[in-house]
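These notes concern the structure reproduced below.
Chain lettering (A, B, C and D) follows the sequence in which the chains are written, and residue indices restart at 1 in each chain.
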């Protein structure tokens, strides 16, 4: 047993030295503010793990924003510099990332992460350090009911409002022509469910019957049973609260059953560039809400699309645009408040300014209510003649909404 | 065990005590040495790992039963504490202990199903437990909030974040100390001797009169309760719960990896493993951020530990040390070829005996 | 069924120790124990012999609770133990060794013995293992086996023979009245066999009953007071060694006639 | 109340799903039978095979079914290698526990490497006949699901014939039932155990290809397969291939029917409810082999 004892002593010692190294190693940097230093902006993004694909899109949007700003001379005469950490799509990590960015790296500003699931915990950290939190991805209703005072969502509308234009369109139809029954299927995810249930609430209120309402976990890969239930209900309309791949799978499963609704709306998936190929080009008549279009003629959008395309060799999508919008919103506040630092007064000024002003962005002019909800609406797009085109609202439409939809 | 009572000299005991005191001193002064709250959160994360893997080691270390599902108990402790605070409006720290007690109660039927039969079924049940809890907590959204998550009210409203971290650092430290102390008490007790006998040879232990099933069940429940306490404390500290993160097989696997790496037969093994793995994770994140290779690294590490040093680094280091010392231990061995053969048969024979084992109720 | 030999009765009726009635166990289609009814004598050295596959080990496992019989009863000194779990049977005073010696390989020799101590109360459970009294008792047994100098070695470092002695010491530490030994001479050199025989005699003289399964006929015949012969899962003969040695059925069973 | 046609549709879907479960559970049972090993990495190899099929299809456009020509022998060899090079080196006394950790680590490595190579994005093979279906007594059955079921059924049939009617099969069954007895009969049980492992992993190759035809794949998907599969082999009785197949069909069907009334998530719990019920009531399994008794 002698050996065991000596060993335990050794272990205790090595533990000690390890802990010392930890503290020695993680201390270190820490910068003094001066007007020549770049403005450092901290971000945590899911660059690996379940949300890595959209996470990388958001990263590209942020980087494009920083490049465009720096090419024009920076903010307040200072260059901007992004410090991006990977949170591995994990809530523990996202919180420790923002702790690190704010506490150890002493960044001047922060941008939000991706995915509603990660927005709420990270918003809490940032809120408790009293910093402005503009985020590109937390659209679910829960984000805005936590009592955050420094949070702003940098997109046209929260999830529940995505289908507002479509709901108005349906309710404006003569009652005999309206779809009378609807089948809903939504992924168990605050954002995806939010979009479908926002529409459901409005349609139900108008007396349009819900005949099926399915919620499936994000890991669902086989949609045979869900599709069977929807097809069996023979609903006039199907609404999918979907992300990308589950939307594709659901549509393919519905097509396998030869289910032909008069109207079919799915969030996110139909606006992705890969969509048409993924479902074998049987896209006719599928509807989808979108917060962004490359064709929008807001002045900053033309610049964004052009420079982004030059930088990345392809046009930006919604994730990129929302990230870019976040940058624009923060930049507007910084220029108005003429400061960018962790100093509570400065952060306070930034928040106050955004509360009371409208910001012009690539998704149009944005203003927020006192909970940080943006006050605009999403456009509705439809696949018409093999191309996705804006059909609602009338002011922006590129084509007429086709109803009832042709067979797929 | 009569560890220490017959040492040729007392110096080793003193050295041990001194090192322990020094470690405690460092642990206690760490928050005031930390340059920013971030370092304290890293400290908390590592302490949390240490409590979890030490709790795991009540089952893994003593009985040799490897549970991959302890993440479920941590998640249940977290959700239990969160729900009791948020919905039943219990005071946070009352909720913490009530939740741990409830998890302990739940561990009884789980243990009943898992431990009644030996070996493989235990592992299967432990993994299944995580997966089923994930499904239940996702589906039962009206109670748990489902994928929208659950917000746990702050136990100390109005406390500044840095102060909040500091407080929880000491709470975690206290929990770790309690867990280590409990492990130590069991380790040197007759109960612990019985458990270790189960680890070595369950049939043999039972034939000597140890009520193996009861012993396993008791220690399983104790382990679950400590794990739930760690999970609950984490919930109070962290504030946001999401089933996907609370009920993850990976977190259970990390507990195993840490304990195994440090050495399951030693009091400080899991703690050491937690410090090493926790520190490595943090370091890897800061240095090599954004590749999914951390899974590969964790997998390879587990692989190396299982294949080459199943007793952990402490005995591996000890063996290395012994090789330098070259003590006269070989003199005990007087093995003949026939005896070697016999021993090999003995090993193979495990299966024969296994084939005649039966399931045993309480 | 059970056809006990009309062996010459001993002067006094022996007190029954372990006894079974109609004990049956089959694995799949193979019947390992076929309604075995047998009784052993208290205070004596009993032996159980029979060809390979005659059900001896299954019998051991059934009476010690390691496997549950399909039918039949097991009693020990009149107390019904059928279906009891092994630790209850151990606590009733029945200790056993295993066919291929089993010790706790990664525990020290002393710990191997301390693990056999059975605390009663909760406080006793949590009390420190290896108190003065039980350590002294453990050392007593180690000394008796002649392996006291190895007390702090891990059991796996011991030689095969030493492990056999350690296993016996462990069983004795659990204070059994009846000790079941499964092939105590298996794989052991002649000197050690003599040693084990001496130990059995001494311990028997001190009042412990033995039931030994053994292939070494010299050992069985020299050591035992009462021999039971198994074939195809049931006893075919029983009696003192002298009678068994000349029993035709026994010879038949062994030679496969 | 769901309509009759919907119930029938669900039964058909349940059978199709159960077939795949049966094949994969058969593999898991083989490992357990020959080595008493719970092979956690089974489903990780399943996903690996699906990725290989997807990758080959994306790069060259060949039909995913053709990848079987490569993956089946490859996986067989990998199975033999895992058994011979890794598992036999573990200490017999702790084999059951340590093998779980070992195969767990293999699963982690596979998942990590897949994530590294192909990112976490969900993938799906696009086939010309992806959305085609045929009518079957009023139920609509997707062609791809039928093909997947057909593959599973053929592979299971092949396994059955191999185990029942070949010398190797006899040796394998003997090894599963009683290793020592098999050794006494002159069977080289080490070699047989290696082949048994290879065979088990080959089922993952077939299953993975079948899976890739109709569903999305992503690196961490294997966790959602291993749970149900482990439940199936316990319910079916550890070590019994027919038991596993029956349990797979039953539970697959139950899951499909439960989805009529419950949400997808609740329906998935049927596997675990069955698992716990089995262990509490009848630990040796319901259809099963005598093997389970011993553990």
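Here, a residue touches a chain if its C-beta (ideal position, glycine included) is under 8 Å from a C-beta of that chain, and two chains touch if they have at least 3 such contacts.
Model, not experiment: these values are computed from the prediction.
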Checklist outcome for this item: The chains touching both chain A and chain B are D
Item to check | Centroid comparison with chain C (C-alpha atoms), farthest chain | outcome: A
Next on the checklist: From the mean C-alpha coordinate of chain C to that of chain D, what's the distance rounded to whole Å?
Outcome noted: 45
Checklist entry - Taking each chain's centre as the mean position of its Cα atoms, how many Å separate chain B from chain C? => result 39
Checklist outcome for this item: For the pair chain A and chain C, the C-alpha centroid-to-centroid distance in angstrom is 73
Checklist outcome for this item: Taking each chain's mean CA coordinate, chain B and chain D are separated, in whole Å, by 31
Item to check | Touching two or more other chains - residue numbers and ranges from chain A | outcome: 1, 48-49, 52, 188, 217
Checklist entry - Got the chain B residues that touch at least 2 other chains? => result 1-2, 135, 138, 291-292, 294, 356-358
Checklist outcome for this item: Check: chain D positions touching at least 2 other chains come out as 93, 115, 119-120, 263, 265, 268
Next on the checklist: So in the complex, the part of chain C that touches chain B is made up of which residues?
Outcome noted: 57-58, 61, 64, 66-68, 85-87, 90-91, 95-96, 98-107, 110-111, 114-119, 124-130, 135, 150, 153, 157-161, 170-171, 173-174, 187
Item to check | In the complex with chain C, residue positions of chain B that touch it | outcome: 1-2, 185-186, 188-194, 196-197, 200-201, 203-213, 265, 329, 332-336, 338-339, 342-343, 345-346, 349, 353, 356-358, 360-361
Checklist outcome for this item: In the complex, chain D touches chain B at residues 32, 36, 38, 40, 86, 89-94, 96-98, 100-102, 104-109, 111-113, 115-116, 119-120, 178-180, 219, 223, 226-227, 230-231, 234, 238, 263, 265-266, 268-269, 271-273, 275-276, 279-280, 283-284, 292-295
Item to check | List of chain D residues in touch with chain A within their complex | outcome: 2-3, 5-6, 9-10, 13, 16-17, 115, 119-122, 124, 126, 128, 130-133, 140, 142, 145, 214-217, 220-221, 224, 256, 259-260, 263-265, 267-268
Next on the checklist: Help me check something: in the complex, which residues belonging to chain A touch chain B?
Outcome noted: 1-16, 18-20, 22-23, 25-28, 30, 47-49, 52, 85-86, 88, 90-93, 95-96, 99-100, 102-104, 106, 117, 120-121, 124-125, 128-129, 140, 142, 146, 188-190, 217-218
